[in-house]
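Just below sit the structures, each encoded as structure tokens.
Shared chain: subunit A. Partners: subunit B in the first complex, subunit C in the second.
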Partner chain A sequence: MLIKNTENHYGAMAILLHWGMALLIIGLLGEGLYMVNLPISLQKLKLFGWHKEYGVLVLILVCFRLGWRLTNSVPALPINLPKWQKIAARMAHWSFYVFMFAMPITGWLITSAAGLPVSFFGWITLPDLIVPNTDLRIFFTEIHQWLAYGLIAVICLHMGAAFKHHFINKDNVLRGMLP
Partner chain B sequence: MSQYFKKIFAIVIIILPILSFADVSVWQLIPEKSSLIFTATQNNAPVSGKFKKFAGDIHFDPAQLKASHVRIVIDMSSVSTDYADVADTLKTAEWFNVVSFPQAVFTAENFTQTGNHSYQANGTLTIRDKTVPVVMIFTLEGFSQTTARAKGSAMLKRLAFEVGQGEWQKTDNVQDEVQVQFTVAAIKK
Partner chain C sequence: MKRILLGWVISLLFVGSAPAAETYQLDPGHTYVLWHISHFGFSNPSGKWYAKGTLILDETKPQDSKLDVTINTADIDTGIPKLDEHLKNKDFFDVARYPTATFVSHKIQMTGKETAKVFGTLSLHGVSKPVVLDVKLNKIGMSPIKNKKTARFSATTQLKRSDFDINAYLPGLGDEVKINIEAEANKN
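For the complex of A and B:
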């Protein structure tokens, strides 16, 4: 398999980024939903620490991924696919990029507003984006939360569409993203 | 006559040190211009808080370091952090336990000059029911006949004071070292 994308198959880099980040993001969504309801404890602090670090990892990866996406051709969708479905598919794909930037950035804003900076695996401490402020912390927490719900919805749509292509349409859409 | 001089001489010898001790300036702390900030490490990143209320009994004179002595009393329930949950947690029994131990006390008696305007004080700090020797360094940024401003710091280990009990004794997520930084502004009484 080629590193770069071709006309009918994603390349190794795109596949690695897709599945690697899918695991990372779904893991962060599940962990995030779980940790916010825990009472204050060492476990909660630990989970928040991981959530922040891996969230920063997503932000770094998506910068690279966007660059890769913009400098690669993308495998064409099936020719016989209705136009609205082609548009819906591309919109879902681009919305993922919006989420992949918006989720970590709002997370970073929350942690800045809370006065609890983020260390990236003990290497560097991220600068605060805003000065500590309780109202802004609550505001960005709500945005982060609703973005998470929105992202979960688009992931479900994306997975549903992939399965529909594979099992009902029996085309090569899902196979194009498999190694 | 020589007997008379001897008496005076003896009295002067005895009284001089007492006079010089009594002469050490007494300072009134100005709360609005003073601050007491601590910085701990959570998940490898800093987290800061402050104590809003503290009072001082300050007897200090750079010319009479031996006779200088300071006692600062900190109201532990005045702890404040940007994210209120952190301060609320610090007030609980596992941390400062402000219900049982409402005050922390810092005393310093042993001052030495380490530079032009810099000093070191060896003292003790009591948090909860633990009293631990503490080395504090500070610089006198302004010192006149009527006003004084000192800025300094000390490095503490929270576990020496049993701050953070039970599962919080682990230092992976909340490190043992805590940096304390203070500014004390005062006027002469």
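For the complex of A and C:
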């Protein structure tokens, strides 16, 4: 397999980023949904700390991934696919990029507004984007929450479409993203 | 006459440069490492370990002295048993995996008659990094309690716990750790 994408298969870099970030993001969604309902405790604080660090990791990775996406061609969708499905597929893909930026950035805004800065694995402490402010913290928390629900919905749609291509249409769409 | 004088000078030089290094044991009852850390900006909790080790002190050439200190990480004492337990677990010092921490000097730079910078390697939590202690000699003399020649020192330093991979609750629980050391060493 080539590092770069080809006409009918994603390259190694795109595949690594896709599955690596899929694991990371689904993990963060699950952990996020779990941790927010915990009572205030050291454990909760620790889980929030991890959520922030791995969220920053997503932000770093997506910057690189966007650059990679923009400088690579992508495998063509099946020729016989209805036009609306082609548009829907590309829209879902681009919406993932919006989510991958918007989730960590709103998270960063929440933690800044809460006055609890983010450490990135002890290497650096991120600067605060805004000064502590309770109203803004609640505002960005709600945006972060609804973005998460939206992201879960798009992930379900994306997975459903991948399975439909693979098992019903029996085409190469899913295989194109497999190693 | 000249020759006699020269011989006398040479013999004097030899006396002056006679090995003056003496070996001392750090007294764990009076030698401790006290740390302070910011608790989410609210307060500055502290805790300590008592330490043991060896000091080779050369009074004529203090820059040739050597220091080797060990603490048992499980002996951490904050005065709060629950906090001690938390500090011993994997979030912080992970004492089951890293039972000791050591500091070994490799260079001493005199900054005054009784002050020095002691450069050494701190090994803590599986990581070894250079650390510099600002040391002040308080007193050398016979201890009236032990009847042994005793040297007393105070030292300070500052380090980042993230340098030693102790990252839990950063940065709310501060990264900067202030350290005050008191040491009493008895000559063997």
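Criterion: the second predicted complex is superposed on the first by the 179 of 179 C-alpha atoms of A that agree within 3 Å, B and C clash if a C-alpha of one lies under 4 Å from a C-alpha of the other, contacts with A are read in each partner's own complex, and residues count from 1 in each chain.
By definition in this document, a contact is a pair of C-beta atoms (placed from the backbone, for glycine too) under 8 Å apart; a residue touches a chain by one contact, two chains touch by 3 or more.
No experiment lies behind these values; they were computed from the predicted model shown.
Asker: Based on the shared subunit A superposition, would you classify subunit B and subunit C as clashing or fitting together?
Answerer: clash
Asker: Between subunit B (first) and subunit C (second), which, if any, makes contact with A:125: first, second, both or neither?
Answerer: both
Asker: Could you look at A:40 and tell me whether it touches subunit B, subunit C, both or neither (first, second, both, neither)?
Answerer: In the superposition, A:40 touches subunit B alone.
Asker: Once the structures are superposed on A, label A:134 by its partner contacts, choosing first (subunit B), second (subunit C), both or neither.
Answerer: first
Asker: Residues of subunit A touched: more by subunit B or subunit C?
Answerer: More residues of subunit A are touched by B.
Asker: Could you say whether A:117 touches subunit B, subunit C, both of them, or neither, answering first, second, both or neither?
Answerer: A:117 contacts both subunit B and subunit C.
Asker: One more residue to check, A:52. First (subunit B), second (subunit C), both or neither?
Answerer: Only subunit B; A:52 stays clear of subunit C.
Asker: So which bit of subunit B gets in the way of subunit C here: 37-45, 55-63 or 145-153?
Answerer: Superposition on chain A puts subunit C right on top of 37-45.
Asker: Shared contact residues on subunit A, subunit B side and subunit C side combined as an intersection?
Answerer: 42, 45-46, 49, 116-119, 121-122, 125
Asker: Which bits of subunit A are touching subunit B when the two form their complex?
Answerer: 40-42, 45-46, 48-49, 52-53, 113-119, 121-122, 125-126, 132, 134, 137
Asker: Give every residue of subunit C touching subunit A within the complex, in rising order.
Answerer: Against subunit A, subunit C makes touches at 86, 91, 161-162, 165-172, 175.
Asker: Which residues, counting only subunit A, touch subunit C once they are in their complex?
Answerer: These residues of subunit A touch subunit C: 42, 45-46, 49, 116-119, 121-123, 125.
Asker: Okay, in this complex, where on subunit B does subunit A touch?
Answerer: 42-48, 81-86, 89, 167-168, 170, 172-174
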